[in-house]
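Two complexes, one shared chain (chain A), two partners (chain B, chain C).
Up next, the complex of A and B:
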């Protein structure tokens, strides 16, 4: 019994458990997310924040924890945390405190991490996200997960394990980079929900600009806490799952862990309160070494930092240097439209379905592409969206390309759609032209239409002549139609299409044939 | 340091903490082996002998005097600097690029990386260690 986190199979599986198992299990999933703050310099020092730089080149004396150095808080990091807190409907604590969390590890040179354990910068928020029921895009349901808190903390350095020489190489470039830890309450129940919630958080962070949230570059890290229990009973022992490197793997890891725990408990075993790592190659979780026993972090207040005070319009002090002031209201006024707002606006403005706007926002650059095409075409948005989602997007996915890399520009697509609107070509022909445009050979739609002779016959008389010829040549069919068998008409339409090599508008052909047959 | 040297010169008796009789200092029972083992793991100290443990006992007892003060309804203070302004720095790159200097401190290095043992080497369990605590 090893389900690989396929959401459809899993919900069916869980349904079976619910209905056919004597003792149904309720899985409980909570997430701890670390988002690297998008800033020029680190949280408490002036060294640069950059991915992939020569080892230990972006490290200051403070980051290396040399004696005599002190932390100096970066205002941009505070603003990023406030923005994120506001976007997640949190209460912003006007006074928050910094603490030290002690543990020994080679990539933590100070032996402690400066974090906000007692009074974090933001608390009690919520995140709403959408799920497709049954994997169909047509039915979306909105769920909410509560945000317990958001805290500012330091990132640790990077350890490269060299098992061959039995040593660890330490690069401190990442040590001291600002992180926002977003702690979610255990309101989720499966991998699909966890993945959807993280995806929405990722979009929000990217929209705010507080974090670029690219999981592949370690800017967004997720740890999942998973437990199962019977309804009505207290929560079961939870395990922590780490080393999840993508949203897809998050769903797999969570679902695997739920299944593992259920199997273990049903066969009479117990769950250890341990930390497990997700092995993406095998698709399962394994116990992690180096994490034996409960950690005692010996939290203590950070003695080198007084409380962080934030202001709003009312509490703003009169004679203070504005560079020293973080004004919550000022930040609130400047928040950009969040994804949920953007989606609602798209639906209202263009008359598309919520599922469509969901897909538009889910793909980087797709909304802009869609709106660019709309600006350049007379075709109604409701029809354009079909071309964007069914044609453009599926081609992009097939070739693993991003919207930016699309060989078909919005200009070319708009041109094509205009010709379709003006009935210069049929929709089948338009698909052919699109396929040709995809090759990226630099031809315009008009050139392709001419080259492949796809233009619809515009001359009405010409068309009538062909229709008449077909009617004259199919006596039996004509009789069948006249005696009430309308279906045979399709055969005549087909024959006209063949005569015209597909260059006739089927709707018009049908009208002409019917007119002639009724004479 | 000068103070210690000077004290060492004079033959004074080591001061000993004797609690006032009227203070009923609430002290827990003798500190257990489990707690001592836990402390040795956490802080990597070595209590070495019974005198070390005794000293710890007395230190705890001394600190327990704090319980005599009634602090109901009083907010704990972390630091006397709590009403100072926390200075906020502009987000500019002003430091870094001193790889060579930093690596001068490293006993071992590989191509500009610091070298560390493969993982945390946990203190062996009580039964397997050479420690005075085993006897208790």
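Up next, the complex of A and C:
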């Protein structure tokens, strides 16, 4: 009561209330993600899976739906889905089923897609992801999205429409490639959350190796379901946004769609349950002509595939050929460290900041590079991380290179850092050496140091002589220092540095100067 | 020789009494002179002769591939055969040449069998008469037998002498006619609701529907995937066992085949049936069952009883729902399976090019007959979201009940069920087409279909000639994967009934000197 009576707090309360009555909308975002399974062959046939192969060069009789052909389930795809399910904390269904989903389309040769509509391979999981508040890396929050299910299904082929010749060309290379559809519950509320969740999923898939998850190659395709509603009311009508081919565009598309829906509703309009496409050039979503309009998929059990039975250590039949069974426990035991665990380990083991662990994992191969350097150097990890993130990473970004393509190997960087650590060179000199190494001319740090005469003056007498000379030449400054103005000492240090062309250790120089001035 | 069991012919080949090429030639020329039967859609004369030559070389080297080496066979035209047209008797696949062999075809070829050609059927195996394919109806060889001609009295002299011919039953009518008219020694059919056993009964040959999952379906153009099985048509039970042995077993290309190894078996002569328990399901006393067949059925039961077997009446209470249940499940799968025929990748494509959708529609209208289109329409109706529960799910549940009936009966100690295969003997074509395909299929599948619902092995054994001089068969249904027991009992029965051999003038002409009349004592005559 006392608090409510406070005039200042009262006004905050009113402001709060006022703020919400103006924007009384709660956005809700759910995602359906199709991840292409990283596998040598397709889900139900032996044809190879390969990106950008000549059109229709990877098509088996089954993929082309020749009459009489039958699906044969690819064990690798099942294992990838189980792995992914376990990594996403799902319960794995020991028995899952395949269904046919019917629709006519030129790139769907059988007239149906084999999917898992009734009983998918994994259900009821969750995914934790982190995002930073106000774009500040130092303020990270962790959120969780529920995973409704993961289902195995076939990819379709590709239709290429040639409007000029009014032709449709069909490429069946992709037809029948294994997909995992990951369905995320509508637990997100903005583009940034959706983007962060997908990025974390992408990292998990790549860590597991269950999908390469390269969005640009269509290995990870995201559809976003977006709706808005008033607090306390049921969810609004949702739209589905498709054609999102990068994580950045996902955030943009979702935010655009939320804004659009709010504006539409506030101006008295209604939201249609429709499919919209994201136009990355215009940065907006536009209604998409549905492939065949609203339709009934006439789901039916796939009669040519027996139920998919998975085993664990307990249920594993003793007489069963190990090649013919998938053992959930076996896969579980062999799961690699997931990104969240890896980050925690990095923070704990090397004492680096949590946000640095995110940056390390975000760049493919960077963690490994960092750890390689650590192994080969005496420098403290906390100092190494600075070189990795500030120097190596910014050079890579500037030149749009991946870690693998870096001209500076972990060996060379470790060598350089060791010389810095042993005080052979100053950190200013080290930066120079790094810039030289980047040129990739095959020189070692030592060669560069010698060539550029960057080594620190190791001879104390030499250094003392130079210090004495500087002191002798700066009477006024010496007076000032002696009268108590210690700041002026830095100027003298600078002069020594200039005299030695940066080859002196500033700490040592400071000690020498102080000693001499106190004499 | 052509009328002999393949096992005997095999021995003749081995002993060099006949050469594979000669055998093949004889069959080919018999096919030509029985062309009016319309049993074959495609005769692969050239490749057949080549295969026979290869076989001959093997025999000369003394290294035949097995019992089937050099044996001429025929395959129903819904099995894929590399390089030989596979049409399903449909405009949709007219001219379609598959790039691969069905597993069963490959297995036969691998064992040296000579593939004479592809046999006629109802379009996409949808029918029970072999009357509804684009290549026209198949004629039952028995229509031209001395046995039938003697007994059928032409109503008037003016009446077309030819109009009396009877149907083969179906849908594997071409295969049944081919085996029955001695143009091949064994043929593959397919059996979804009775399509192998029904024509086998009408044509007086052995028709075996193995357990679902025992033989690969890879390469069989499906009707109902969950019920289809490749069927085997032969002159005698021993031959069926030989062919079964060469086809059965796991196929990595068909995930619904059994994992266990299958050991081919030879049938021994059963001397003692006293330990057998034969079940007579009362529900098979179906409306429309001819008194003739009913009498035959009970005589067969007596035969077992008199030989010491236990014969008991059993009940399969859900059998009466089989037809309606089958209708839903069959059409639903048909709707799905036929979706791939859109004119894009293979088969017929309409000239209509206004839009992809209109091309699909025209292609399918031109490519499929009314029966196929009707089933697609019904099936899609049953699969609609609002109907799925009420039709498809219910039908699946009923199917389970039907299958459970069998489990209970076999669980009670019954070894084999004995039933009629068909309601009557074959009827004249002119009579048959008075009813539509759907009515006929519902009537004709009634005694055979439950075995497909339950996936059980069943066999038609030709038993006797009807009053009209046409074959009548009885069906034995066995336990899952107990083909050996089923065939052993069938063989014993076959031996008792001494079914007469067809007497065809065409065969006589082609096989003079070697063709022999078997003792013509029919089962009926024998028992009375």
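Keep in mind that, in the parts below, the second predicted complex is superposed on the first by the 492 of 519 C-alpha atoms of A that agree within 3 Å, B and C clash if a C-alpha of one lies under 4 Å from a C-alpha of the other, contacts with A are read in each partner's own complex, and residues count from 1 in each chain.
The rule we apply is simple: contacts are C-beta pairs under 8 Å (C-beta built on N, C-alpha and C of every residue); 3 or more make two chains touch, one makes a residue touch a chain.
The structure displayed is predicted, hence computed values, not measured ones.
**Q** For A:78, using the defined touch cut-off, is the partner it touches chain B, chain C, both, or neither? Pick first, second, both or neither.
**A** The first partner, chain B, only.
**Q** In the superposed arrangement, does A:401 touch chain B (first), chain C (second), both or neither?
**A** neither
**Q** Considering only the touch criterion stated at the top, classify A:298 as touching first (chain B), second (chain C), both, or neither.
**A** both
**Q** Quick one: is A:308 in contact with chain B, with chain C, with both, or with neither? Answer first, second, both or neither.
**A** first
**Q** Go through the superposed model and pick first if A:171 touches only chain B, second if only chain C, both, or neither.
**A** The answer is first: A:171 touches chain B but not chain C.
**Q** According to the stated criteria, A:41 is in contact with first (chain B), second (chain C), both, or neither; which is it?
**A** first
**Q** With both structures fitted on chain A, tell me whether chain B or chain C touches more of chain A's residues.
**A** B
**Q** Just checking: does A:111 make contact with chain B only, chain C only, both, or neither of them? Give me first, second, both or neither.
**A** In the superposed model, A:111 contacts chain C only, not chain B.
**Q** For A:64, using the defined touch cut-off, is the partner it touches chain B, chain C, both, or neither? Pick first, second, both or neither.
**A** Both partners.
**Q** Between chain B (first) and chain C (second), which, if any, makes contact with A:100: first, second, both or neither?
**A** In the superposed model, A:100 contacts chain C only, not chain B.
**Q** Across the two complexes, what residues of chain A are contacted by chain B and by chain C?
**A** 61, 64, 66, 72-73, 104, 106, 168, 170, 296, 298, 303, 305-306, 324
**Q** Touching residues of chain A toward chain B in the complex: what are they?
**A** Residues of chain A touching chain B: 39-41, 45-48, 54-62, 64, 66, 72-78, 97, 104-106, 159-163, 166-172, 289-290, 292, 296, 298, 301, 303, 305-309, 323-324, 326.
**Q** For the complex, give me every residue of chain A touching chain C.
**A** It is residues 61, 64-73, 100, 102, 104, 106, 109-112, 168, 170, 296, 298-300, 303-306, 324 of chain A that touch chain C.
**Q** Applying the document's contact rule, which stretches of chain B touch chain A when the two form their complex?
**A** Touching chain A: residues 38, 42, 44, 78-79, 81-99, 102-103, 105, 110-120, 122 of chain B.
**Q** Would you tell me which residues of chain C are touching chain A in their complex?
**A** These residues of chain C touch chain A: 79-80, 86, 88, 93, 96, 98-100, 102, 217-222, 224-226, 252-256, 259, 332-333, 335-336, 339-342, 344-346, 356-357, 360, 380, 383-385, 388, 392.
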